[in-house]
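Multiple structures follow.
Shared between the two complexes below is chain A, which has chain B as its partner in the first and chain C in the second.
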Partner chain A sequence: MTLFRLEAYKTFSRWRTYISFGVLALIVLMTEIVMRVSAREIIGSMMKAFQRDFIIAGNIVNAWFITAFIMNSLHFHIPFLITLVAGDMVSGEATAGTVRFLLIRPPSRQRILNAKYLTALFYTAGLVIFFAVLCVVLGLPLFGSGDLIMHRLGQFSVVFIPEAEIPFRMLLAFAAAIWSMTVVASLAFLFSTMAENSIGPIIGTMAVVICFLIFGNLPLAFFRHLKPFFFTTHMLLWQGFFDSSIRWLEIGQSALILGMHNAGLFLIASIVYRRKDIKS
Partner chain B sequence: MEAVLKTFGLGKRFGMRWAARGIDLEVHRGDIFCFLGPNGAGKSTTIRMILTLLKPTAGTIQLFGKDLHKNRCSVLSRVCGIVEKSDFYLFLSAYKNLEILGSMTRRIKRDEVMEALERVGLIARAWDKVRTFSHGMKQRLGIAQALLTRPELIILDEPTTGLDPQGMKDVRELIQRLARDEGITIFLSSHLLSEIEQVATRMAVIHRGEMKAQGSVAELLASEAIDYAIQVSPIEAALRVMQGIPWAQVLSCGESMIEVRLEPGHASELNKLLIANGIEVASLYPRRTLEDFFLRVTKGVAEI
Partner chain C sequence: MKRILVLVLLLLLMLPGPGVLQAQGQGEALRVLAALEKKYAGLKDYVCDIQVHFAIETFKAPDVQARLYYKVPDKMRIESKRVVFFPRNGGYFNPAQFKQEEYTVLPLGYVTYDKRKAVQLRLIPKKVKGAAQDMVLTIDIGKLLLKEMILSQAGGKQVKAELTYGTFDGFELPTFIRLLLDLPADEPGMAQGFGGLPPDAGEAKRVQGEIAISYSHYQVNTGLGDELFKGTKSPNKP
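Right, the complex of A and B next:
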């Protein structure tokens, strides 16, 4: 616990850590302002297909809708922000030279690595929670509350979730979002154990995320067979909480696959770092 | 004499190249033990193995009589080290750096951090960020963090590298004070012979990854023939006396100075002999230095 406290202190003492929070705040703020100004136009284009057949009334563009809308971009910008810190967690010590002080202390490399990994997860969770709180806290006064009506992307269907159910579903969705983002953190952390500076882990992680997103969408039989095992396939598991009825089994399976990725990546990181010679 | 650090056949191979091989060190309690070698000789590699930064390819390490590999946590809590230059978290203050690094060994109180800073003369800069420190100040802060954990053995890898003359002197004095006043065993590597002559009680020489010599500085220097410069008058008579002595070899002769190589322990005997033969001896002093010794054991190819 002491090691975790020390790692967290170091991480949150650096201004670089807060870049991500600042960027997220800017994204949320800008999106909400733009939505406030041109909500009707956006809704019009999103619901175009339905407006011939349905009359949609009430406060559709409410805080929950905006939050879900912004969450859809989660797998693009948040992974990058996570890698800024998780990718630097171990390699940053090599860059700074502090690794030579750190690893000659009594705690084993594994214990130090555990503390660093926990800090990376803590930061990831903090970032997603900050994102959630900001969306809701800014959204409620700007757009008010209401039922959540969402158009499923790529499908001719509308999902309706009553207002009373939304806070609970939002909570679960953000918990799932944290879980999916921890895989990105684990990946960046693994690369961080292999590198001597943070540039490699940041670029490497983003390259892997982009590659797997592309592979998962290629219409080739080979990738279609592998797609169920790609972490990118399951990163949007949080969307399952915004279906008419929650498909627990599918969400559970996705969570399990992501968990296995986390465990596997951390195991490899541990093996790599415990065997690593510190030459820097 | 209790051995604080012992290595047995320690070796490290990078690819096909052995950076260090067959290193058998023995550091006794209270020693200021200097590990001497030219750049690239394998000093840092050996130190990194002792401090667990590198995994040895061969051999074992004992600290305080215990196997390092099997008792890592307990033995490393009694050791502290600085490998090459002292690097800290630049975005944190000197105080916070010491608190963080010290807390990894044991619970650290504020007063202990301040005391360590005071001992290295950095108390006035306790709350300044380390990024504003000079190289010398960082080295002293490095020693402060070593002291904070109350170690029995401090391992320093070229602690004066990059320091100005005053900084080098400060660090040397600090090392001597720690050994003399606090009984801390010091193991330090260096390629600076003058530094070793000034502080070392025992030393080992490493060259091209292999140990060349080990022992007390006085023993090593006294173990073989030593060159002396003798100022005498008349010089011809002195030469005649010396030519008949089996343990003296005249190396060169000037107007009033003779350079002679003597077997160990014969300097005073030669002095008496010259005086007994009516020769005036103005001075007789050894020209044998650590540098000669070092160049001899490294076969004169060392670049120091």
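Right, the complex of A and C next:
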């Protein structure tokens, strides 16, 4: 616990840790302001097909809708912000030349690695929570509250979530979002144990995320068979909380697969780090 | 024998030809439509409370209450604290929408509807407005009431509206409209991007369902101002 506290202190005392929070704040702020200004246009483009058949009355572009809307871009920008810190967790010591100093101290390599990994996860959770709080705190005064309306892309299908149910579902959705983002953190962390500088893990993690996103969306039978095993397929598990009835089974399966990814990646990271030669 | 032949010939000449029959049917159709228009000529506006119930598999919406404002010829407004998806076509009663000059009216024949004689008319709009509509109306001839309306739209959409009436301030207005929808499940023009849930692979090719709308607490001809409808487009203009 002391090691974790020390690692967390080290991480959060670096100014670059806050770049991600700043970028995220900017993204949310800009998106919400633009959406406030062009709410009618958003409804027009998003509900175009429904507007042909229905007159839509009431506050559809509310804080919850905006939050869900921004959350949909989660798997694009948040992974990058996570890698900035998670990718630097171990390799940062090598860059700073403090590896040997760190590893000659009494705590074992595994304990040090555990503390660093927990810090990476803590940072990931903090970033998603910050994102959630910002979306809601900015969104409520700007857009007000109301029922959450979700539609399935390209289909005549709409889900209404009553306002009373939304805070609970949002809480679960963000918890799921944290869980999905921990895989990105684990991946960056693994690359960080392999590298001597932070650029490699950051670029490597993003490359893997982008590749898997592309593979998962390619309309080829080969990738269609593999898609259920890609972590990027399950990263949107939070969307299951915004269906008419919560898809617990699917969410549970996705959470399990993501958990297995986390465990696997951390296990490899542990093996790599314990075998790491720091003398040369 | 010659006399008989002349008589038969004269009788045959006296029988109306198919063109004459069609013209008579057309005339009857226009007369019924004109009578319906005249019946509601005094209706300038109305306000009522509505309750909308959706029974569509892919459209999970709770029952909602709202207030509906209507003013001739096609102004309509819905007010609600909650989000309401209100059917644009067939969801509210607009007697001013069947103006003869805007449609080519084709008589389809007489039917028995609710044990009463009714006429079926097909209305084809002369000018395409929004989703082009071809309407088939079933009008109770005796009561001069629009009992059923089948709307066919571009993209293979079909909406059937069944109307039940009550009398309010001397006007027969709907107390209940049952809409039966038959729509394509996939909407190529629907939103793309980040704003929605991923498509469900198991969805049906067509969506069929029902929307039931109850109308109550009518207030008729209260003199609604145009400013009430500012910012709301005509329901026929998506």
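Assume the second predicted complex is superposed on the first by the 277 of 280 C-alpha atoms of A that agree within 3 Å, B and C clash if a C-alpha of one lies under 4 Å from a C-alpha of the other, contacts with A are read in each partner's own complex, and residues count from 1 in each chain.
Criterion: contacts are C-beta pairs under 8 Å (C-beta built on N, C-alpha and C of every residue); 3 or more make two chains touch, one makes a residue touch a chain.
What you are looking at is a predicted structure, and each value in this text was computed from that prediction instead of being measured.
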Chain A contact check, chain B vs chain C, more residues touched by chain C
### Query
Just chain B (first), just chain C (second), both, or neither: which does A:S108 touch?
first
- Figure out whether A:L3 sits in contact with chain B (first) or chain C (second), or with both, or with neither. first
(message) Under the stated touch criterion, which partner chain does A:G259 make contact with: chain B (first), chain C (second), both, or neither?
(response) neither
Touching A:G146, do we find chain B (first), chain C (second), both, or neither?
-> second
Between chain B (first) and chain C (second), which, if any, makes contact with A:G216: first, second, both or neither? neither
Note: overlapping chain A surface for chain B and chain C spans none
Seen from chain B, its contact residues with chain A in the complex are 48, 51-55, 72-74, 76-77, 79-92, 96, 100-101, 103-105, 145
Chain B partner, complex, touching residues on chain A are 2-3, 6, 9-10, 13-15, 96-98, 100-108, 275, 277-279
Within their complex, chain A touches chain C through residues 42, 45-60, 69-70, 72-73, 146-147, 149-160, 162-163, 236, 239, 242-244
Per the touch rule above, chain C residues touching chain A in the complex are 58-62, 66, 76, 78-89, 91, 130-131, 157, 183-200, 203, 207, 235, 238
